[in-house]
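So, here's a batch of structures to check.
Here chain A shows up in two complexes: once beside chain B, once beside chain C.
Here is the complex of A and B:
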C-alpha cells in the first residue's frame, strides 16, 4: 500500500474520530456531573444537524443574498444555541426529576426520549423520512498532494473541532463555572454546602454538552453533505462506547476513545482479511477486549478530578 | 329512582341513533378487510408510504364503485424494513381471520422471513416491492404471489447494458442483507460472464453513515463503474461521499435507489447521470397510468406514489378482484389468483407461474437527467448529447 493512500485513510480516520470524540465528550460530561448515561445524546447530534439546516433555510429566506460565510457562522451559532436550549430542557424536565430514582430509570427514559426526538424529526420536519441534502457552506478548495486530496472544508471542520474541544477543556479547568462543575462532579452535596448552585450547574453542563453535540451534527452535515433522521442512532452508540473505552467521566479519555474507535473502523475496513461488512463487528469486538484490559477505561477517572 | 328515569330515554335515544347510523352500510354491503404491509417508518418509509397510499387508492376506488359487492377496509401495518418487526406484524395480520389477503413488503430481508407465516395461516399475499428471487422461488407455497420481477433478471439486463456501454472494470458496494447480497451475486455473475472484471466487493451494513474508507480503497482500485446494490438511504450517502473524495466514476444503482428521494437527497447536480433499473414501464407510459396519477392526485395524499406505487396498486387491485370474483375466503382467493392468465393490470399483463412469480417481460433502464429519472432511450445520454462518466 502506498503512502498517499495511507495518508488518505489517515485523514478520513481523523475526521471520523473528531466527530466521535465530540459526541463522546457529551456523554462523559453528563456522567461526570450527574452520574447518568444520557442515551438520547446521539439524537441531540441529529437534532443539531436538522436545526442547522432549518436555520440555514430560514436565513436564506429572511435575508436573501447573505454571504455564505455569514450564513455558515449563523448556522453554527443558532444550531448550537438551539440544541443547548433543548439540552437544558431535557435536564430540567427529564433528568432532574429522575435524580432520586434508580439510574436504570434515567437510562430508559433517555432512550425513549431519543426515539421521540428521532420520530419527531421524521414526522414533523417536511418530508423528514428521506435523507436531506445539507448545504455546502464552506469553500470548495482542495489541495492535491500526489494522490491525496486534502479539502479545505475538512481541514476547517477539524481545526474548529479541535478549538471547540480546547475551549471546553479551558472552560472546565480555568473558569469559575468550570470549577463549580468540577466541584459538583466530585461531590454534589459538599459543593452545594459550599454555596454552589447545583441546578444551575447541571443546566450549564447540559447546555455545554448539547452544544458540542450540535457542533458534531453540523460537522456531520457539512462533511457528508447529507443528513437523515436516523444518523444519531449509531453515532450515539459509538460515542458512548468511545466515552467508555476512554474512561467515562474523563474528557481527555472521551477524545482518545473517539479517535481509537474511528481508527479501529478504518483498520477493520482496510487491513483485515475479512469483508469490510465486519468492520463494526471488529471495532466493537476490540472495544470489548479493551474493556476487559482497562475495566475503568484507558484514561481511568481520577478520584480527585472527574470532569 | 329519579336519576334512572332520566337516564334511560337518553340511552335509548343514543342506541336508536347508533342503530340508524350503522344500519345503512350493513344493509347495503358486507365489509371485508384487506391488508398492506411495508416500511411506513424508517429510512425506506418514503417508498412504503407511497405504496401504502397506492394500495389505499385501489381500495377507495373500489368502494366508490357502485357495482362493488363488498365494502373494503384497508389494514396497513409497518414492517420498518426490519425482519424481526416484519415477522411480528405479518403474524398479527395473518392471524386475523377477517383479513382476507394482503399486498406485502418492499424489503426482501423482511419478505423472506414472512412468507412462511402467510403459508402457515394460508393467507394469500402478493409481494409488491421485494425482489429477492427466493421469496417466490425458494418455496412451493401456493399463497405467495409477486407482481414485481426478481433481482436476477434485473441484473442480467443491467450487466448487458453496462457491457454495451463499454465498461469493463467494476467495483461493488452492497448492503449485507439478503437483498444486497443477491444483487452483488447476480451482478457479479452476469458481468463477469461477459468478460468484465470486478476489482473489489465491499459489504456494508444498512445503518452505516461513513463510507470514506471503502471509497478511498475503491479509488485506489481504479474501477470505471461503482455498482451499488442497496436502497436509497445508503445510495444517497455513498453518492455524496464519492464526490467528497473526488471519486469520479460512473455510479450505477439498482431498483433500490429508483426513487425521487434519491435525487432530492443527493441534489439534482450530483444525481445527474446515475443509472438504475426497474421492472415494468414508467407510470406515464402505462395504459392506465394517466388515470392512476389523476386519481392519486385527487385523493390528496401527503406523499408521492414513488417508484413502487403502481405495483402496490396492482397487487391490491388483484386481491380485490379475486374477492369480487371468488368470494370472501382466503382459499378461494388463492385459487382465483392462481388461475390468472394475462390479467390486465396497471403494470401490464400479469401471469403467475407455478411459484406465483409474475413473468414481467419488461425492464426499464433509467438515468437521472436534470433532476428526473428519465427512461434511458428517451434521454440525451442515449442520443449522445450527454455522456456517462468514462475513465480511461
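Here is the complex of A and C:
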C-alpha cells in the first residue's frame, strides 16, 4: 500500500476521531456529574444537524444576501444554542426525576427518549425519512500534496473541533463553573454543603455537553454533505463506546477513546478492503475485547469498593 | 383444588378476561378497537382505585394452579374461536414466542441482574441456526429448536468473560456492542443471505406438514393452529422452567447476586457461577424462541434482529414488571397486538412505544404487574 493512500486514511481517521471525541465528551461529562448514561446524546447530535439545516434555510429565507461565512457562523451558534436548550430540558424533565432509579431504568429511559427524538424528526420534519443534503457552508479550497488531497473545510473543522475541546477543558479545569462541576462530580452532597447550586450545575453541564454534541452533528453534516434522521443511533453507540473505552468520567479518556475507535474503524477498512461494512464488526469486536482487558476503561483510576 | 366459591370466582374472572381479549382480537374497525381499549383501561383503573385489584391478586395467588389451568384453557378456547383466521392466529403465535424470549431475558436481568442489550441478537442466532440446519441438513425440524438454543448459548458464552469482568454501564456496553456487531455481520455475510436473509423449508414434524391446513373434528383449520400449538407448548415449557428456577434455591441464589453482589459473596454464594448460569440459561431460552419464530415466519432477515428489537424485549420486561412472569406475558400481548391492530398508528408505533415506556419508567417504574416479594411464612410461596 502506498504512502499517500495511508495518509488519506489518516486524515479520514482524524476527522472521524474528532467527531467521536466530541460526542464522547458529552457522555463522560454527564456521567461525571450525575452518574448516568444519557443514551439520547447521539440523537442530540442528530437534532443539532437538523437544527443547523433549519436555521440555514431560515437564514437564507430571511436575509437573502447573507455572506457564506456569516451564515456558517449563525448556523453553528444557533444550532448549538438550540441543542443546549434541549439538553437542559432533558436533564430537568427526564434525567433529574430518575436520579434515584436503578441505572438500567435511566439507561432505558434515555434510549426511549432517543427513539422519541429520532422518530419525531423522521415523522414531523418535512420529508424527514429521506437523507437530506447539507449545505456547503465553508469554501471548497483544497491543497494537493502529491496524491494527498487536503481540503480546507476538513482542516477548518478539525481545528475548530480542537479549539472547542481545549475550550471545554479550560472551562472545566480553570473556571469557577468548572470547579463546581468537578466538585459535583466528586461528591454531589459535599459540593452542596459547600454552597454549590446543584440543579444549576447540572443544567450547565447538560448545556455544555449538548452544545458540543450539536457541533459534532454540524461537523458530521459538513463532512458528509448529507444528514439522516438515523445518524444518532450509531454515533451515540460509538460515542458511548469511546467514553467507556477511555474510562467514564474522564474527559481526556473520552478524547482518547474517540480517536481509538476511529483508528479501529480505519484499520478495519484497510485490513478488510473486500467489504467496508466489516469495519464496524471489527471495531465493536475490538471494543468487547478491550472491555475484557480493561473492565473500567483505559484511563480510569483503580478503585476498590468499600463495603 | 379450590373451594367452590373461589372456583366460581376464578372461572368468572378468566371467562371475562378471555372474552375481552377475544373481542379485542376480533375487532376489525379502529374505532371499536379504541373503544375496547378505553373500556379495558377504565376497568383496570377502577379496579385499582376501588382496591378490588389487590383482592383479585390475592384470589389468584391462593388458587395458583387452578388459575394457570384456566389460563391455558382460555388460550386454547381463543385459538379454537379464531381457527380459520390466519392473521389472528399468527398474532397469537407471535405473542407466545416473544413471551418465551422475554422470559429468557427475565432469567438474566430479573433474577441474576445480568444486563443483556443483545436479546434480539440471540433470538436471531436461534433463527439463523434453524434456517441453516433446515436448508443444509436433513435433521428433523423438532431438533432445530434445541439446536437454536444451544448455538445461542454457545455464542453467548463468548461474551461471558467481558460481561463478568465488567459491571454496570460497562457491561451494558459489551452487550450493546455485540448487538450492533451482530446486526452488521448478518447484513454483510453472504453465507447467511445478506440483507435478503434466508428462507426456511416448511416444517415437518412427526409426519405432520406444518404448511398445510388441517381438519380437526370436521372443521377446516388454518395451518397456523399447528404453529400456535407448538408455540404454546414452548411457552408452557418456558413458563414451568422459569417458575421452577425462580422458586428453587437457584432463584434464591440469583436474587442474592442481583440485590447485592458483595453481600452474596460474603455469604458464600458463588457470584460468577450464578451469573454464568443465568446468562447461559437465558440465551438458551431466547435461542429456542428465535428458532421457532424463524420456522413460523418461514423467512428471516437481519431487520428482525436489530438493536431496536433488543430494546423492545427489554421494554416489554420493564413494562410488565422485572421478574414477573405473568407481567411479561401480559406486556408482550399488549406490545404485539396494539400496533398490529391500529394500522393507522403503524407509522407512529415506535414513537408511541417509546413515549409509553418512557412515561412508564418515569411514573410507574415497577411495571404493570410487579413481582411480589418472596414470602417466607410457613407454607408460603414466592
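Everything that follows uses one rule, which is that the second predicted complex is superposed on the first by the 295 of 307 C-alpha atoms of A that agree within 3 Å, B and C clash if a C-alpha of one lies under 4 Å from a C-alpha of the other, contacts with A are read in each partner's own complex, and residues count from 1 in each chain.
The rule we apply is simple: a contact is a pair of C-beta atoms (placed from the backbone, for glycine too) under 8 Å apart; a residue touches a chain by one contact, two chains touch by 3 or more.
It should be emphasised that the depicted structure is a prediction, and the values quoted were computed from it without experimental measurement.
Engineer: After the chain A overlay, clash or fit between chain B and chain C?
Structural biologist: Overlaying the two complexes on chain A (C-alpha atoms) leaves chain C and chain B clashing.
Engineer: If you stack the two complexes on chain A, which partner ends up touching A:96: first (chain B), second (chain C), both, or neither?
Structural biologist: After superposing on A, A:96 lies clear of both chain B and chain C.
Engineer: For A:280, using the defined touch cut-off, is the partner it touches chain B, chain C, both, or neither? Pick first, second, both or neither.
Structural biologist: Once the two structures are laid over each other on A, A:280 reaches both partners.
Engineer: So in the superposed three-chain picture, is A:155 touching just chain B, just chain C, both, or none of them (first/second/both/neither)?
Structural biologist: In the superposed model, A:155 contacts neither chain B nor chain C.
Engineer: Thinking of the overlay built on chain A, is A:179 touched by chain B (first), by chain C (second), by both, or by neither?
Structural biologist: Neither partner.
Engineer: Look at A:231 in the shared chain and tell me whether it touches chain B only, chain C only, both, or neither; answer first, second, both or neither.
Structural biologist: So A:231 only meets chain B here.
Engineer: Touching A:112 in the superposition: chain B (first), chain C (second), both, neither?
Structural biologist: So A:112 only meets chain C here.
Engineer: Touching A:12, do we find chain B (first), chain C (second), both, or neither?
Structural biologist: The answer is first: A:12 touches chain B but not chain C.
Engineer: Between chain B (first) and chain C (second), which, if any, makes contact with A:269: first, second, both or neither?
Structural biologist: It touches chain B, and chain C stays clear.
Engineer: Under the contact rule defined above, give the chain A residues that sit at the interface with chain B and also at the interface with chain C.
Structural biologist: 119, 233-234, 275, 277, 280
Engineer: For the complex, give me every residue of chain A touching chain C.
Structural biologist: Listed in rising order, the residues of chain A that touch chain C are 31, 37, 94, 97-98, 101, 103-105, 107-109, 111-113, 115-116, 119-120, 123, 233-234, 237, 240-241, 244, 248, 275, 277-278, 280-281, 284-285, 287-289, 291-292, 295-297, 305, 307.
Engineer: Name, in rising order, each residue of chain B that touches chain A in their complex.
Structural biologist: The contact residues of chain B facing chain A are 41-43, 45-46, 49, 176, 201-205, 207-210, 212-214, 216-217, 219-220, 232-233, 236-237, 240-241, 243-246, 261, 264-267.
Engineer: Taking the touch rule as given, give the residues of chain C at its contact with chain A in the complex, in rising order.
Structural biologist: 109, 115, 159, 161-162, 165-170, 172-174, 176-178, 180-181, 184-185, 187-188, 262-263, 266, 307-308, 311, 314-315, 318, 347-348, 350-351, 353-355, 357-358, 361-362, 365
Engineer: Where on chain A is chain B touching in the complex?
Structural biologist: By the definition above, chain A touches chain B via 5, 8-9, 12-13, 15-16, 119, 122, 127, 129-133, 142, 147, 149, 151, 220, 223-226, 228, 230-231, 233-235, 265-266, 269-270, 275-277, 279-280.
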